[in-house]
């Protein structure tokens, strides 16, 4: 037998309950668990410039750019470091997983909105 | 007088850019012409151009709602291509994420369905309860929607004891809410008015038009890939295939709520029986797959999902073919819409839980001429023959 | 004085129109999730409108493909001035994982001008709210309320 | 001369147009906030105290937006429709007693004028929908008129029963009757009150009868093509409509602005306004809770429901009133 306004009783209970809303941005967000995948961060001191991250990146967000030269037994070898375009990044953390030097980590930073795309690039 | 009403690509009922052209007389629909392809991005082609590991993330973005089931099917496919076995614990973790995803997808759908019939408060409350699942998924994987937990050879993240505890707690809370919705939804008068007998699809029609997933089960056909061709550990996890004999939108609502309740049971079983051990077999980031071909099917939240793959010995797949449940459901959808009212369009279209971003992969449409054709099986065989000579 | 009132009203009542330009649904459900009790963007006066004629902010998700390009342009043109565009999700910013796909334009800004980019795959609802806050800041700067 | 100026001020400012607009926008805030709380949300929060200025911001923003007239629309009709809608509702408000037992405009038969003005609003909606030359607008306009045919008859029967009890077709006289006897008409018109609430929901186009502007079905119905100032007019008309509907219902069944007063001139009037606001807010809250806890009917279901259940019930109500009169209860 169908009932009219069957849900009303339950809804009226919500009046006395605290709203489920979290007042972001005036309150911190609900939860940011350990291992949240946010903006990429690269420790360029640790980075060995192997380029593995650029090869596995599914979104072509990582590009190896030349930052200088290194001398190995009299020869000049170009040193390359990754440059990340966060505007292309998928936050899949595959680069962090393959990095042999553990130079890449994913921070908890998720507020990435920007007016210009150029602001989103992580330069070495 | 027949009026032509275009619905989409931008329409509040369909959040996705799809177009349906309805021919209506007064308030009654006489003909439906679906026009898919607004969401075609060339995923299958892109998969051929990238390595197996990169493809994992493309397959995840075939559809954002059932993202994990796509990767699950993809990794099962690649593992079959490579004849690989994965550790026990990985199977349990995969199943937990898969079922959590089914919960999130069904709850999302439930909210949307209530929204389509104008019951906004239930939409808000169901989505509030869905946040329990989203929080758990974020806890397990680090992202709310694209979990990236599956990888070829296992899973990428382990589930700690603390997380297990939180999952069980969340499931208990959710079960209570689900039972509440299950009890009251078929009783509320306005919901019954809008869903009972709307969008009918008889058992024969459902079989004849090859419907899939909850749409098929709501037409009283007991068909579920998890039961028919068990993958992972669905054989061991005892669960029931939920069916409904209502053959209408209300049936689809009830089947989905029942499935949610069943998914909660499966998750609880997995969490309680999870063995210790390694979670993945290590593979190099770029690897080669021997020449082979294979297919896998899994039960996505929307129905049967099929991946077919051909490898040619290189580090990139030669061909990946995806068949998604929404595509299978579109003929049935056109049948359901016959002789319905304009007011029923949103709820009936929503009742198959359409996911057009899954659907639009391989339909060619000439934009200028409006001509449509698709990549057929003979053409596909021709391609294989050209490559392998068989 | 009147101008100040108008700016105040525009800042306080940004109505959005959501357009899915061949996205994978992930960003879309996060945009919708931002409306729901946990996040409740109605706090800021944001309402989701169905018709482009009523909206102020066009929220575009997804990598724009060839099919949808003309539609996106048309919807943008249907909106009354002043209008703003938010590109939500990595695909809308740059094409994301679908870069180099034959059917994809790699970003909303190739078709219509974009005011704020919100990267993320998908961005959390909080990140989308943050994007709106950024957009409001941009508007305030443009009309000279803040420097 | 002074009288004329005072009358003009009364019409334009208090308790006339300006008061109506401000009160209507406040009621929109009440409704939105209450619905948000039922949905376990907060609702508007940062615009003014708990978001009380939100509707004002919406209206001012819409006012300042570009005003587009579609190329294919009938320009004259498209422009007239929003004004007609707002004007019809503002005139209706003048007939409702707010500051005293008697309304600003009152004459024998003003209840019929109210019913007519509600039809004018529907005509405005119809003109707006049909002139914008959009399929969704046309469907919305058609639905709006069909629905009006459904609820108008039972509503008029209820008006008739109230008028019969007070022996007058004037809203102010009906209020006066209730003051004289000291019994609000809801005591006799219980069924009528229910019918009037349901019809009111249909009149102001809220769930479960928001069929003409059902968002998920036909975008925004007859409002689809309106933007800028014209949309602001309709938005405002919608809010004033809620106020007018609540006001009529309060006047008919709850004794309008009346209540215990000390008898000091200005204090009385302030108290009357407060009573009016309390009674109408209660009706708005009832409407909002029904709206929040039901789904939308189909147009066929709505109209057949009105004809099958509400019309016979309203006739029954009328018969009950006749019987009561016959036995001298009233």
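Each chain gets a letter, A, B, C and D, in the order it is written, and its residues are counted from 1.
As a convention for this text, a residue touches a chain if its C-beta (ideal position, glycine included) is under 8 Å from a C-beta of that chain, and two chains touch if they have at least 3 such contacts.
Everything numeric here is computed off the predicted structure, so don't read it as measured data.
Asks: Which chain wins if you rank chains by how close their C-alpha centre is to the centre of all protein C-alpha atoms?
Replies: Of all chains shown, the one whose C-alpha centroid lies nearest the global centroid is C.
Asks: In whole angstrom, what separates the CA-based centres of chain A and chain B?
Replies: 26
Asks: Need the CA-centroid distance for the pair chain C / chain D, whole Å please.
Replies: Computed value for the inter-centroid distance: 35 Å.
Asks: Please compute the C-alpha centroid of chain A, do the same for chain C, then give the distance between them in whole Å.
Replies: 21
Asks: Distance from the CA centroid of chain A to that of chain D, rounded to the nearest Å?
Replies: 52
Asks: Quick check: what residues of chain A touch more than one other chain, meaning two or more?
Replies: 4-5, 7, 11, 19-21, 23, 30, 58-59, 90-92
Asks: Indicate the residues of chain B shared as contacts by at least two other chains.
Replies: Those would be 11-12, 57-58, 61, 121, 124-125, 128, 131, 143, 146, 188-189, 193.
Asks: Mind pulling the residue numbers of chain D that touch at least two other chains?
Replies: Within chain D, the residues that touch at least two other chains are 36, 38-42, 45, 215-216, 219, 292-294.
Asks: With chains as vertices and touches as edges, which is it: line, ring, star, complete or other?
Replies: Topology of touching chains reads as complete, every chain touching all others.
Asks: Touching residues of chain B toward chain C in the complex: what are they?
Replies: For this pair, the touching residues of chain B are 9-12, 15-17, 37-43, 45-46, 49, 57-58, 61-65, 67, 108, 111, 123-125, 127-128, 131, 134, 143-146, 355, 357, 360, 365, 367.
Asks: Help me check something: in the complex, which residues belonging to chain A touch chain B?
Replies: Residues 1-7, 10-11, 20, 30-31, 33, 35-37, 52, 55-59, 90-94, 97-98, 106.
Asks: Can you tell me which positions in chain D touch chain A when the two form their complex?
Replies: 36-42, 45, 289-290, 292-294
Asks: Under the stated contact criterion, what part of chain B meets chain A in this complex?
Replies: 50-51, 53-58, 60-61, 121-122, 128, 131, 135, 138-139, 142-143, 146, 148, 156-157, 180, 184, 187-189, 192-193, 285-286
Asks: So in the complex, the part of chain D that touches chain C is made up of which residues?
Replies: So the residues of chain D touching chain C come out as 32, 36, 39-47, 51, 53-54, 56-61, 63-68, 215-216, 219-220, 223-228, 231.
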